[in-house]
Amino acid sequence: MELLCNILYDTIYHSTPIILCVLGGLFAYRANVLNIALEGMMLNAAFVSVLVQYLTGNIFLAVLAAIVSTMLWGMVFSALGISFKGNVIVIGLGINLMTLAISKFVLKIMSLANISLKNIGAADFKIDIPLIKAIPILNVISGHPLITYIAFLAIVFVGILMYQTKFGVYVRVVGENEDSAISLGINSVYYKYAAVLLGSFFCALAGINLSLERMAMFTGGMTAGRGFIAIAAIYCGQGKPVVSAGYAILFGVARALAINLSIYAGPAAGMFDIIPYVLMVIVLAVVSYLKSKNEKLRIYKL
Amino acid sequence: MKQKEMIVKNILNSLVPILAAFILGGIIILAIGENPFTTYGILIRKSLFTWKGFLNTLHYATPLILTGLAIAVTFKANVYNMGVEGQMLLGGFFAGVAGAYLPLSTPLVGKLICFVIAALCGMLFALPPALLKARYQVNEMVVTLMLNYAVAKTLEFLTTGVFRDKSAGYVATPVISDTIMFQRIGSSRITAFFGMALIILFLMYILMNHSKLGFEMKAIGKNAEFAEATGMNVGKKIIILMLLSGALSGIAGAGWMMSDQFKYTLSFSENPGLGWDGMLISLLGSHSPIEILIASIFYAALKTGSDSINMYTSVPKEIVEIIQAIIILFLAVKFIKEKTGRKNRWKQSRKEAE
Amino acid sequence: MNSMVQTINLTKKFGDFTANNKINLHVKEQEIKCIVGENGAGKSTLMNMLYGLLQPTDGKIIIRGREVTMKSPLDAIANGIGMVHQHFKLVPSLTVYENILLGLEIKKKKGSLSLPLIDKEAEIKCVEKLIRDHGFELNPTDKVEDISVGARQRVEILKMLYRNVNILILDEPTAVLTPQEVDQLIHTLKKLKEQGKTIIVITHKLREVMELADSITVIKQGSIVGDVLKAETSERQLAQMMVGRDVVLRVENLRKKSADTKVLYETRELTTVNETGKEVVSDISFKLHQGEILGIAGVEGNGQSELVKLLTGLMCSTKGNTWLMGKDITNWWPNQLREAGIGIIPEDRYAQGLCKEMSISENCIAGYHGQEDICRYGLHRTKKMKEKRDRFIQEFDIRLGDPNGMVGNLSGGNAQKVIIARELSAAPQILIACQPTRGVDIGSIEFIHKAILKFKEAGNAVILVSSELSEIMSLSDRVIVMYKGRISGEILPEKTSVEEVGLLMAGITPTEE
Amino acid sequence: SKTSDSSGNKDEKDSKMKVAIVCSSAGQNDNGYNQSAVEGAKKAAKEFGIEYKVVEPTTGVPQALESLAEDGYSIIFNLEYDFEALIKGTGGAKPIAEAYPNTTFICMNDNPNQDENGKTLHKNVISVLFDVHESSFVAGALTALVIENADVLFDQASYQFTKADAGGRSIGFIGGTNSNGITVFSFGYLEGINYIAEKLGVSYDYYAKYDAGFTDSSTGGTVAGTYYNQGANVVFAVAGSVGDGVTAKAKEVKKLAIQVDANKDDQQPGYILTSVIKNTEVPVYEIVKQAVAGKLAEMDAVQNYDLASGATSITDLAVIEKHIADSGKTKWEEIKKEVAEAQSQIASGKIKVTNAQKGEEFKAEKCPNVVIK
């Protein structure tokens, strides 16, 4: 019972930044600009939010700075990748390296190994939902920081944005058949930019959630590959908001299981860490198998 | 004339970003109150313009050449083997374990056995994603990415568990036996492994540019449907290329083990890792072997250079990482547009036709 | 009648290659203007300028007597010009109505407030009305990826009509249509003309020109070489103007009764399913004799495409077998088929036949790139490859600028000739030719048809799949017609009328008398 | 900058003794192990006018050791566990220690400088060991005492301890990796807990994870979270930055954590019970001092720093003391006394703590009152 609650709570906890990154990467994926810089953008927001909070003590400023600076990276990505037509994978990797290097550089200049906030703690960000808080098991939904709630609500929001609004339709059109968009006077560059920038906004939320809200601290490389997991989830869900977010949650479940069960595993606990990764592969393989079971065509879509 | 123009353009296209990156980096160095010229002097001189430093740079470039090639053979065919890092670690790890536990008494055969084991390990890693891709069109990028993490965790588990060197006070496998260590040449760190990598590079050059498989690789990369329709058996080729890539990665790991690390530690490939570096190198070198060689050496020079900066200046060595990232960002963009080049060619051909 | 579209000395240069040279085009109100010319003559370039996709290097465009400059298709649409491109600019994953309204979405309203959400119901209603008004056959909620090529084209036309254009440009609209669809299109265009639209059509098919056009402009090497009224010209004269020499418009198969020659190729009960598990090819059995051209006809979407994939090794069967001279070759891969002596001209030139971004010499060996003459110890012999390419260029009269250039730079007809050269010079015994002349100009059609006949007469056999009924009827010795994945009938072209074939294609078997 | 007076005259500069510190991967600002060593060097530089350099190697420790030795550094502290090339030589090269006989190399935390028979290999290598097992023992004793008396010691409003009889007798340990360098803390800590538990006749649950890594602090947060959820009232982290996540979590759930290496009690004031200090400043300063006095050669090849040396201990508890409720002040004094008592018993050898670093095996039967989960 206790264990179940822990697992559920941790699932929400671990899914959140990945969901946000997934939502962030979706639009770019749909607009046919693979954004591999999710990791770096998230790291940037994680760093800037804590740094500004550390220097100014102003939460509002911290969040604002994180979002603005992350969207600036989005601008860099778009400018180089869309306007100058550079190789987006290289640019993405470049931004990942860059944000990491900058955080290390600044920490080095400040003579810190990490930033640990003292005047504010993770507990200060938690929000309890009045009624749900009292219901057993369901109470795992309560007691999360604001952005966690936002993340889950955003899945619905993004779903609507993607399928019910002009913006979503245009982004998909631009990704699927840019010529068609251009021939109807849809400014494809504008929508690609918007897709990337919206993505960096979500990554910024993910970063703030990861560092400021959940830990009230920043350590170098604290994103630990979550951006890449998000990319995997996007691919698994083929850019569909709900399905992709579902994969993100699946990963969160696996992670929560691995962490909670490894307590009982003794020396084999180290092997539990691979569960989330292997599970993702297995699920993807099964889904793909079912889909291509009847495939008689020998032509590959690479 | 046309040829010359292209060469100049290519050179400018690589030099401009590097210069721009150094200027931006210089501004940062100035901002923290240091002299950018002395910093850059040290960065470049020690790693490229002293004999020993240059040979050391070549030594550090060696595994990068191989991981770069490993990336190139798949990326060129539009197959994204993101598992090079994991394959390299796996190869390195098991070469190390073999080197430490097996009674390998002759240097040559011993090394050969380790390389074979490593190549097999790399291929073993590459096989599931390749089969899944070929059979069920499972996205290989996702699978290899996930397996990377799984492999890193597994190796950590093995290193801290069964294969742990009990006598060491830290987490590492036992040191490999002396016989299979690559011997240093002179006082620098360079070993015969570099020569080996050059030979592999040459073979890969031939393979990629003049062989049937290379032709098919290119065709699959440019148009997979065309490749299938002209009988290239794309599924099979994907498996072959993935295995080749895995083998190259494994060899990179084994060589790194036998020429530099000598034991597997959790920081065997450092951050972000030889495989990831290889990916950048291959992308920067547009998946062409010659350019991969140049990019690896340049990359390694920055790495050794960052040590020099650390040792001889008080600029934080992280500045090198920043410069590196700026270079990468700028190199991604061709400042002098390819387009004009194509138009020129077009013009040329029209003229000839008349 | 007033002049609707006029160009004065319109010139377009790419670098210092002149694609359009001082074009003075004149299109009157409410007429159908056909533009003809060889591949690469500059037709598309001219139209792209009229539609704002390309900017003229020099000259003027005058619409309804007013000079205009058009920077983008939006300007063109604002000037009442719409264009349907040869390669459709549709978004496959969207529905018909979404495609038609793309860029002009209808938003949900709450009172007088307009919400950011799209009002799908209103959109569907609006498109339904549009379809009804023009008497088209379309279901607005179908996804574009699921509908036939003809239907897609109607979507493109509606897209333009919804935008209230009164000048409609169509670039090679019939190249991918079935005969029925072509008739439908011609009917539609004529109706649109009656409604007051002005229409410009590019096509390579002179029969259509004669049916459709009020006036015709012929372009050759970027310049206008003829401007005639339909009533005052003939197919022959047009062909002569385009190519500069007499062209045989219909290459006839001189069917010599070669009774009971050897069976070279045979299929029995070939069956396969698509990815949803639906049977798309059912029990196809036929024999192919030496010295025979077997035509396969049918309305697109009746399994010919899948049958071809089965025959060429791009798809696996669920049942049935194929034999080549007694050897079972069921489900062999394309490379095995080529080795066994089957040449393949695939349906889609740039998807399966050629790789645009590879050089001509590389394309010349594709499919045979493992053969000993060019590949030794797994390594390619560049010199031999070049020799082969030069031989092809010579023998098959491939006209190109730079022999070292990419295949993508060739015009459609010449690109097709590369494939023909490659497949025929490997000396196969069977040729599977799919849509061998799609989008190719009349000069090249003549060449390709002759080549196919020559191949057959040398004692080989051909399977010819084409949506061009006239091509099938003139070349084949025997024709099988497919309907819903099955063979609905077998006919001899010289004894059958086009109407009968049309019935078979519609799945109606005429009662034998 | 560190190589300060570049205007100074050249001869004088050359004659200065040059000391280098090669950092471990945690880096020179780790607020602990590396940083303390740098502090030691700084202090020595001030007092003895030596010149020092801090190096964070990119291309491996051996490369850094070689370059530094070549550049004439006479003392090089190696804080990373990478001694193979230094002592034995790799890839056919001579051991670095042998190649540069005029440089003294200091190996921290380990004694690799001996052959199978325990004979010293190189004269110019000094090994420095810390008896962290002993300080961990003290921390363990303190932990158990605090848990037993938590309701008296702390203000109920600011803390949310699990009651001792309601599962609160649980303690967590989070290690970066499963190595002797880490388990040595855990075993000492365990024995410390057992020492008190046995006295009081109670039994404790002990959760341990030895593979949390050293960087991903959120892992630390989560793992600590599960331990706290299981009822643990104190979690001891020996895992670099991962520990920072643990302390943040402690603050979040209003329980206690223990840090390591430097005095990090101030990181989350009130939620860090203490830190097990491994103060590298002391040996660095000591060794440089001896060298300046020309007595380096007389130093033992193995330098062992025990509780008495001040190089390893727990903190003075000043930070946590401020958070002790008024009602608990007397109890707190008693606890401090008891802890000091344990400390002196260790010093006198009455209590023997397992030292995994020297390869001693931990025996569970020695700790009957702690159940390892």
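Every chain is named by a letter (A, B, C and D) in the order it is written, and numbering of its residues begins at 1.
Everything below uses one rule, namely that a contact is a pair of C-beta atoms (placed from the backbone, for glycine too) under 8 Å apart; a residue touches a chain by one contact, two chains touch by 3 or more.
Just so you know, these numbers come straight off a predicted model, no measurement behind them.
Visitor: Treat touching chains as neighbours: how many steps, at the fewest, connect chain C to chain D?
Guide: Between chain C and chain D, the shortest chain-hopping route counts 2.
Visitor: Does A-B or A-D have more contacting C-beta pairs?
Guide: A-B
Visitor: Indicate the whole-number Å distance between the mean C-alpha point of chain A and the mean C-alpha point of chain B.
Guide: 28
Visitor: I'd like the Å distance between the centres of chain A and chain D, where a centre is the mean of that chain's Cα atoms.
Guide: 36
Visitor: Can you give the whole-Å distance between the Cα centres of chain A and chain C?
Guide: So the centroids are 45 Å from each other.
Visitor: Taking each residue of chain B in turn, which ones touch at least two of the other chains?
Guide: 156-157, 160-161, 225, 228-229
Visitor: For chain D, which residues are shared contacts with two or more other chains?
Guide: 178, 211 - these are the residues of chain D that touch more than one other chain.
Visitor: So which stretches of chain A touch two or more other chains?
Guide: Expected reply: 108, 221, 270, 273, 291-292, 295, 298-299.
Visitor: Can you check the complex and tell me which residues of chain B touch chain A?
Guide: Residues 32, 77-79, 128, 132, 135-139, 141-143, 145-147, 149-150, 153-154, 156-157, 160-161, 220, 224-225, 228-229, 234-235, 238, 271-272, 276, 279-280, 283-284, 316, 318-319, 321-322, 324-326, 328-329, 331-335.
Visitor: Please name which positions on chain B make contact with chain D in the complex.
Guide: Against chain D, the touching part of chain B is residues 56, 60, 156-157, 160-161, 164, 166-172, 175, 178, 181-184, 189, 191, 259-263, 265-267, 270, 303-304, 306-307, 310-311, 314, 317.
Visitor: Tell me, which parts of chain A touch chain B in their complex?
Guide: It comes out as residues 76, 80-81, 84-91, 93-95, 97-98, 100-102, 104-105, 108-109, 221, 225, 228, 231-232, 235-236, 267, 270-271, 273-274, 277-278, 280-281, 284-285, 288-289, 291-292, 295, 298-302.
Visitor: Touching chain B in the complex: which residues of chain C?
Guide: Against chain B, the touching part of chain C is residues 14-17, 312-314, 333-338, 344, 346, 351-358, 362, 366-367, 369-370, 375, 378-380, 382, 399-402, 405, 409.
Visitor: Enumerate the contact residues on chain A facing chain D in the complex.
Guide: 2, 6, 10, 13-14, 107-108, 111-114, 116, 118, 121-123, 126, 210, 214-217, 219-222, 224, 259-260, 262-264, 269-270, 273
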